[in-house]
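Note that chain A is present in both complexes that follow, paired respectively with chain B and with chain C.
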Partner chain A sequence: MSIVEGASATLIAGPEPEPTTVVLARKPLSRGRLIWNRLAHTPRFWIGAVAMALIVIWAVFGPLLYPVDAFSRDPLNMGMGPTQLHWFGTNNIGQDIYAQTLIGLQKSLVIGLIAGPLGTLIAAVVGSVAGYVGGLVDGVLVWLINLLLVLPSFILLVILSPLFEDLSWVFLTVFLAGFSWMIMAQVVRSQTRSLRNRDFVKAARFMGVPMPTILARHIIPNVASLLIIDATLGVVAMIMAETSLSYFGFGIRAPDVSLGTLLSEGTAAAVTRPWLFVFPAGVLIATLFAVSLIGDALRDAVDPTSGVNRD
Partner chain B sequence: MVFYTFRRFVNYLILSAIATCLAYVVASLALDPAAKYYGRNPQPSAHVIESILNGLGVNPDVPVLVRLWNWIVTLVTQGSLGETVGGRSVVAEIVTRSGVSLQLLLLGSILGAILGVVLGVWGAVRQYSLSDQVVTYGSYLVFATPTFVIGVLLMIGATVLNSVVGRQLITFTGSYSAGLTGSWWDLLVDRGVHLLLPTIALVLTGAASYSRYQRSVMLDVLASDYIRTARSKGRSRNSALVRHGVRVALIPMSTFFAYSFGTLVSGSIMLEIVFSFHGMGEFTLQAITQSDINAVAGSTLFLAVLVLFSSTLSEILYAALDPRVRN
Partner chain C sequence: MTDLVTDLSAAGRAPRRSPLLRVRNLSVTFPQRSGPPVNAVRGISYDVHEGEFLGIVGESGSGKSVSSLALMGLLPSSAQISGSIDFDGHKLLDMNDRQLSGLRGRDISMIFQDPLSALTPVYTVGDQIAEALLLHDAALTKQAARSRAVELLKVVGIPAPERRAKAFPHEFSGGMRQRAMIAMSIANDPKLIVADEPTTALDVTIQAQILEVLEKAKELTGAAVVLITHDLGVVAGHADRIAVMYAGKLVENGSTADVFSEPHMPYSIGLLRSVPNMQTAGTQRLVPLEGRPPSLTALPPGCPFAARCPIAVDVCREVEPLLASHGTFVSGMTVPVAVVGEEDTTSAHLSACHRSTEIASGALTRADIFPRPEPLDVQHPARPEDRTPVLTVTNLKRHFPLTNGGLFSRRIGTVRAVDGVSFSIQPGQTLGLVGESGCGKSTTILEILEMTAPQAGQILIDGTDIARASRAERLRLRKDVQIVFQDPMAAIDPRLPIGEVIGEPLTVHGVGRADRRARVQELLDLVGLDPQMADRYPHEFSGGQRQRIGIARALATNPRLVVLDEPVSALDVSIQAGVINLLEDLKEQLGLSYLFVAHDLAIVRQIADTVAVMYLGRIVEYGPVAEVFAHPRHPYTQALISAAPIPDPEIERSRTRVLLEGDLPSPTEEITGCNFRTRCPLYRLLDPAAQSLCATIDPPLVAHDGVDAACHHVDRNQIIDSALAFTP
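Up next is the complex of A and B:
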């Protein structure tokens, strides 16, 4: 034990020298540790995390454990409700809804899990550059953000949809992310503007550290918690945007299947054969509900006094 | 304050104008209006197609910026937005269709805002109570449900209800019953019944986000000193909550309202399609599938004007609620 440690321990523990080892073990909590401790005590987080884990495992391994193929037709069971053979029933040409739901879930999950964080990444880059550089660059970027916010992004994506009509779903993912970063970029920008004049950032700047390094090492880590929340809730927003676009015929197209296209096919008969709509819808809602519980728990853990979701 | 609001208005005006022009350019680049005619059987001659495209002002051989300029000039000088591919005037289409859309949008956003504010205040005042928990988890659930799913689920529910009651209690296809005759009262009731389900869906989505936001703002306000001051100078609890609490808590809401308006518009467009309303939503989406550039540009302009109005309204509301802005 060094002298310095002993001294600080004495300061904390007061005049009695005995319990030094105990006090030494209690280092101040790091921020990450603190957030994790808060998260671990939020039942909402565990409900969401466990549900999400189960859904992902189900989407990955479910089709392997199910004997019926998603696209083969069963002429003996056309338009049937849920049975032992077809768990979620069949559509009017005898395709199995359970198998199709799992495939659609895979696609929707992949798109959401890529586009959500991607949108956050764009927000982090644009917001931190605008806030850090300031001046003309800032003016142009803020103006661009405001411009993109004038029209609802759903409409913008619908207008752009002919562009990715013949391209694969990967482009849809990129487009979705490309219209979802604006609000978070505004938040990152205002945070960066207050950070850029802090001493540790000034020190780095005066030592000649190049701008990208300052942003990556000093600015972004300080808004990391916000970004993590945004990426999580972004997954919800992106899955919702994808299913809505696909539902109206502007997103995923045949032969690809997503929960949106499945719901679209199920709608016509939703009233007479509800299993065509209700089961995929239930899976979609459960997924989005699980991710938003995680996101909200994260937000509470990062900032217990935060606005929107305080309990 | 008038100057401030005016400046904001001009700012939004410029942004909306540029957004509309950009939408025109993007639509012109993304859509191929000629493909439709080449796909026809018998195929019209290249000359005929060319003259149709020129008549609509959407000939892809003319540079996009020239077409945009012509479009703006016609709009400013003749007040015309061109013709749809069906040969109808875009302005006439918008005039006949916007009524249906605005009905739904206004009803949904106003009722949604009122319900959201009431639920939010209720939840904040009775924090952690059973009703607060129910509203909180209910709003999470609505958040996690895309608007069109809410619409279709309501339709399924209404069908079940109808079959339980044994007669057509709730009708939900289209915005009115075609061929219905009767007094104006019957017609009004008919329209109201048709509006019921989409309005409920829109109110639910709006109220879910408003109530969460209102609740948290109200919690901040409840903890502040001036509420205690109001109580100690002899105001009753309810009076202090309403006159000093809710009023202050509404200020940030007015900004939030403008911000969430876009989501609401997208939601109501989806609901129009789900419930087969012949409104602007149907017009916009049909325009895309028919590669109708003029119609896309017209409906984008309509949306931009809506957004412009709602943003300005929320600025005025903000100033009305917050005396510090007025001076």
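Up next is the complex of A and C:
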């Protein structure tokens, strides 16, 4: 307990504590360690992390431990409620909901875990290049950002959806990432513009350090905490986007399953055969909640002036 | 004890009425949410009499600001304050906030370092001063308050006060804002003015003006002044008494003459010794005060200065010395102890040191406490003209278009940041570039370091024109030219261990990891840091140490020229000397050349061989340091030199000053003829015929006995001095 309090107190005193006020006898903490210490003492983080770990393990190993295949039909148990044989029940053609939920969860997780960080990566590259290089390059990139921001991505996807009917889910992932990076890119760009004029970046430029190295060594690490938060919360946003698209039939399509397709199939029967809807929905909510907890705890750890840590 | 006190006041001036301000045992502690509290002020006592000028000096973090904020009742509510503050019959610490705000602005007023934060941006300056008047005098009409505000602005020397009263704070320059703050602070005839570093953010020429205005304000109102500063030169010329603070304590308190000529406490002695003095600069090495102040959270027992004190004895590490008188009084009897209690401290010379008595009696000579400064080789080597200069800048120009920030921005003018600058630096030489902020110093060095083709003019590094250099050549040139920045906190990436920071320039030139590591160790050793510290992070180092890291990084590639952009101005005076000495040694050892940009003339005189004085994008005087400082040719140089404070009360009080009027004109302004005409002290004294020459023809830089100066009337510049002699 004392460690975390010490850590936050030092940070509040300023990111670069005055030597007169803070003279640490032991080896002082780097910023990364500070954040980690603070995270480690946030219950929210642990709840989120443990839940997320369990969900991932479940999604990976669950199907191996379950004897029923997701797509085989059980003609004897069509439209059944949960039983010993079919834990989450079956749909009206006799497919096992538990097995399908796991497969759907896998797909949704993979899409979220790829698209979230991918969007952040695009944001980091575009934002830092635009902010650092400036001039014409900046103008073009800002124009692109603004264009993508005003384009209604959902409608675009709906219009384009017949085109990539037969393309795999990979395309959907890339598409989702491609429409999710603009706001963060603007943040990174403005941070970069101010970092660019900081003396340590100037010093690197005057030494002749090439631009990509300056971005990687001096600019990106200084916005890294923002990027990590963005990537984490991006996972939530991407899973939500994927499920809602699939729900409306524009994302993942049969025979592929994701949590979204399961939900859309289940809604109609939500009242009469609730297990078709309740179980996939519960899994989705649990996943989103776990990732959100992690993201939220991360944000507080990185920026102690936000949320509960506000003094 | 009581008869000691009578002796004490009898020895000084005649007994006085009780002091205006009496601070006794004032302590301020900031509890921390975890860990030990910060003892920012630890029991200080002093008096200020009516009309007295007290200077409080000390390094950053010594508690100067906290102790004066306590006077004003402006500390955050978390602060724990104890002791007593009597002001004019009021017990300030017992008053509530409403009572205090009745006093604030009326009887006590405060001037801050940053006047912008003290002025409200949405009201005009005139309205704010009128507001201050109305707040404490209900009988005043609005009209009367407004005209009084204009009057006050006139008093503090703001030109066209009627018009300026209607301006908003952001339309004022830094110097004008500080004048407006002074106008506001004297609006209600205060009894006490507390000024916290009022000139730290300003240029020397403006600083001189502001101090003059402060002095005038004091005379007009008869108020006592407490001036807080880290600059001994600033107090030398103005203060009656000086109090020296160290680690939250007053360690010496005495009349200005006593403290400067016979300091009783080793810290004061060291501090005085470490300051470069413009009169002696360049003739002897500076004596640094090694080490840094202790942490205020975990103070060791005993004297807080013990770790840095060259004459510390065992008792120093056990018992903290009290502020007491150690002087010799009536009939030469040494009075060792007269601890400050209820009595008046005004005439005494007090110090907090176990060995003050020895120092005061002369048993321990001041010169021996710190090592004696070694004389420098005064003979600056003559310019070896035959070698290729490391850097040659010819007629460099950099103009920025000024557009009105509309949708279709239109060019409405040009900022001539650098407007035809030429100089060269010979191998092994140091060029000092001086001038007020905004004169184009930084733009000049950025142009050199960016290594792109300049707008106009030519930059040669080692004889290679950077405009024509190929990529590979440019990279090689970058190896030869390195920079050390002003702010050591900003110049180092806080996320990298310092070993990587220092080794970074080597990565560019493809030096392997192992070689880099070895070189870093070597460099750390070279700049006086422990090579073991390569894995530590920047925040573990003090300001002075970080500046050494910055210097080590600049030296990594074995450069030929190092550009030093105000390398010590962000450091405490006691640390500056160490860095300056290091730079001098490195230059000697490695045969470096420096381009040294600074506004502190004493430091330039100390380190430079040649000096170039810049004004509004031009060089107005250029020549050997000793000659320029001894016989400045250009009226601007004269003014700069005379504005620089000298930490010696005798010189400071006897010398005449060439005060510049007004601020640096905006660089967009088109001035015909000589661009210094608007502020030139010589111009005003000339006959109309000579004036018209200044007004029509732009003076070129012409050699006058080995010094180049850009003034038509160099031969007549003595009339400034004679004019000053008439108007004391």
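In this text, the second predicted complex is superposed on the first by the 278 of 311 C-alpha atoms of A that agree within 3 Å, B and C clash if a C-alpha of one lies under 4 Å from a C-alpha of the other, contacts with A are read in each partner's own complex, and residues count from 1 in each chain.
Going forward, a contact is a pair of C-beta atoms (placed from the backbone, for glycine too) under 8 Å apart; a residue touches a chain by one contact, two chains touch by 3 or more.
What you see is a predicted model, and the numbers here were worked out from it, not measured in a lab.
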Worksheet item: Of chain B and chain C, which one contacts the greater number of residues in chain A?
Response: B
Worksheet item: Which of the two partners, first being chain B and second being chain C, lies in contact with A:V133: first, second, both, or neither?
Response: neither
Practice prompt. Would you check which partner chain A:L263 touches, where first means chain B only, second means chain C only, and both and neither mean what they say?
Written response: first
Worksheet item: Of the partners chain B and chain C, which touch A:F250 in the superposed model: first, second, both, neither?
Response: first
Worksheet item: Looking at the overlay, does A:V187 come into contact with chain B only (first), chain C only (second), both, or neither?
Response: neither
Worksheet item: Touching A:M207, do we find chain B (first), chain C (second), both, or neither?
Response: second
Worksheet entry | Sites on chain B touched by chain A in the complex | 12, 15-16, 18-19, 22-23, 26-27, 29-32, 128, 136, 140-141, 143-149, 152-153, 155-156, 159, 212-213, 216-217, 219-220, 259, 262-263, 265-266, 269-270, 273-274, 284-285, 288-289, 291, 296, 300, 303-304, 307
Discussion item. With touch defined as at the start, can you tell me which chain A residues reach chain B in the complex?
Written reply: 146-147, 149-156, 158-163, 183, 236, 240, 243-244, 247-250, 263, 267, 270-271, 274, 277-278, 281, 284-285, 288-289, 292-293, 296, 306-311
Worksheet item: Mind pulling up the chain C residues that touch chain A in the complex?
Response: 32-35, 38, 60-61, 292-293, 295-298, 449-450, 474-475, 478-479, 481-483, 485-487, 489-496, 504-505, 507-508, 537-543, 553, 557
Worksheet item: Okay, in this complex, where on chain A does chain C touch?
Response: 2, 5-6, 8-9, 12, 15-24, 28, 30-31, 198-200, 202-210, 213, 217-218, 221-222
